[in-house]
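What follows is subunit A paired twice: with subunit B in the first complex and subunit C in the second.
Then we have the complex of A and B:
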């Protein structure tokens, strides 16, 4: 009962249990964070808008994205993954979500930003439905913790409208 | 030398009933592990409720050796979710983020495009020949939580199987020679 083997086994089991409990508590502490992120996006320019040879619409935009996501960071946050998606419906598709830009915020110091960018990923529709289309631009974020449960949420900004004709 | 002599003595002194008891306790341990695993599969609704991150394509969020807890619910797949999916013909599941979603009005079927955070391009190169989108049946679960570094045990055991055999051999020896 007092051999080295038993003692090592008991110590190891206890250490692993305590580590697991600490990870769980770190994750639970994230729930007490009150979130107040803000963001604003403007479509600065529509660079071009065409119908591809295969029949799908494609548009290239320059966007002005500014946001303040500092309140999302806790001591248990490793990074925040943020992306901007255009969301709209068409007769064939109830919902389309197309990610236009994404970025990784490694720490609280970088969480307040404002910049211009063209869309990182191609904005292509399934079909030819974008002329005159009203769409929302939604800023999604994904809080990735150092350990435990991940949180995701979004801010929906509506009121954007695509050009009536190709350019 | 004395330790090995002790082990050999204890092996010699075993009788049939003791061996049977040891075998039953070993069987109980293995079975309860299996019950926990299957129970997790039921609770999370996913075929493999825990996966190990094998590549660096989701860095710096998930590094090689982290483990992810999965959950699959009937909720529709939305952009930004981190999903684990199997490509037809590949056996290793891939953990990447959904960047495009097109959901059909009539059937509710969904076309999904994924991309690893640390990759330059989207996953079309990884999909099967001619496949442009993933459908719901390809997706095994959504990642809801993670633990760092714990998956290294599995990676080491898969890449250097000799360690797996040594561990199982040592465990077997320990069970046989313990007095309880």
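Then we have the complex of A and C:
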């Protein structure tokens, strides 16, 4: 501590080490958060359902998505990335997950929502397996913290069935 | 700075930064604001640097007593022996 530069260096090093410890503690404090998200999705309408010229099925849906993800937000949350995926099995693939819609929730105020939308991304099968297919709609989310580890979870909603014939 | 001053500076730095960190974390957690925690801590770092980095007079209260020049002449510095390679068994 005998010179200007020595003291400035010691101070900065110590300050940044303590900052790292504070950020780690902030990240650990996230584990004490009790999560209780809810969501509900209804298939409002199946707009059209066809077989593409290359042989794959494609369907366009209008969905009513409503969810309350407020309990996911803590003081250490930067944003929550949420997406809705249709999940089903086919003879070719054990599990297909097709993302239909996604969004970014920047703060707790925006975390409770309910709206109608057509699927943001095309629902195309690898093959022609969608007629009469039972599928789940799963709401996935990724909670992105300000410091620390990102964690992801989901809610599975089942009981949806595709039309028996093309329209 | 003298020795006591350096010790004081080091202890002061550790104490101040630790206190500001604790206050900042608790305030941020209670208010639910990460930004508040960072701001309070940054203010603490600036305050601490103003207090210990410059060479304030209160760090120099126990100044070092250098040997008086007249006293130094009475104890001449020993001359190093100039002879060939030699093993030094005693360390200076």
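By our rule, the second predicted complex is superposed on the first by the 166 of 167 C-alpha atoms of A that agree within 3 Å, B and C clash if a C-alpha of one lies under 4 Å from a C-alpha of the other, contacts with A are read in each partner's own complex, and residues count from 1 in each chain.
Simple rule for what comes next: a contact is a pair of C-beta atoms (placed from the backbone, for glycine too) under 8 Å apart; a residue touches a chain by one contact, two chains touch by 3 or more.
Bear in mind the structure is a predicted one, so any value in this text is a computation, not a measurement.
Peer 1: Looking at A:27 after the superposition, I want to know if it touches subunit B, subunit C, both of them or none. Which is it: first, second, both, neither?
Peer 2: first
Peer 1: Taking the superposition on A as described, I'd like to know which of subunit B and subunit C A:126 touches: first, second, both or neither.
Peer 2: Touch partner of A:126: subunit B, not subunit C.
Peer 1: Determine, under the contact definition given at the top, whether A:149 touches first (subunit B), second (subunit C), both, or neither.
Peer 2: A:149: touches subunit B, not subunit C.
Peer 1: With both complexes overlaid on chain A, does A:81 touch subunit B (first), subunit C (second), both or neither?
Peer 2: first
Peer 1: For A:46, is the partner it touches subunit B (first), subunit C (second), both, or none of the two (neither)?
Peer 2: neither
Peer 1: Taking the superposition on A as described, I'd like to know which of subunit B and subunit C A:92 touches: first, second, both or neither.
Peer 2: In the superposed model, A:92 contacts subunit B only, not subunit C.
Peer 1: Answer with first, second, both or neither: which of subunit B and subunit C does A:163 touch in the superposed model?
Peer 2: The answer is neither, since A:163 touches no partner chain.
Peer 1: Looking at the overlay, does A:7 come into contact with subunit B only (first), subunit C only (second), both, or neither?
Peer 2: second
Peer 1: Mind sorting out which residues of subunit A both subunit B and subunit C touch, each in its own complex?
Peer 2: Touching subunit B in the first complex and subunit C in the second, residues 146 of subunit A appear in both lists.
Peer 1: Please give the residue numbers of subunit C that touch subunit A in the complex, ascending.
Peer 2: 1, 6-7, 9-10, 13-14, 17-18, 21, 24-25, 28-29, 31-34, 37, 41, 45, 48-49, 52-55
Peer 1: Can you list the subunit A residues touching subunit C in their complex?
Peer 2: Going by the criterion above, the answer is residues 1-2, 4, 7-8, 10-11, 14-15, 18-19, 21-22, 25-26, 29, 74-76, 146.
Peer 1: For the complex, which residues does subunit B have touching subunit A?
Peer 2: Touching subunit A: residues 60-62, 76, 78-82, 97, 99-105, 108, 111, 117, 122, 143-148 of subunit B.
Peer 1: For a test of understanding, state which residues of subunit A touch subunit B in their complex under the given definition.
Peer 2: Spelled out, the residues of subunit A in touch with subunit B are 23, 27, 78-79, 81, 83, 85, 89-99, 102, 104, 106, 121, 126, 140, 142, 144-150, 152, 154.
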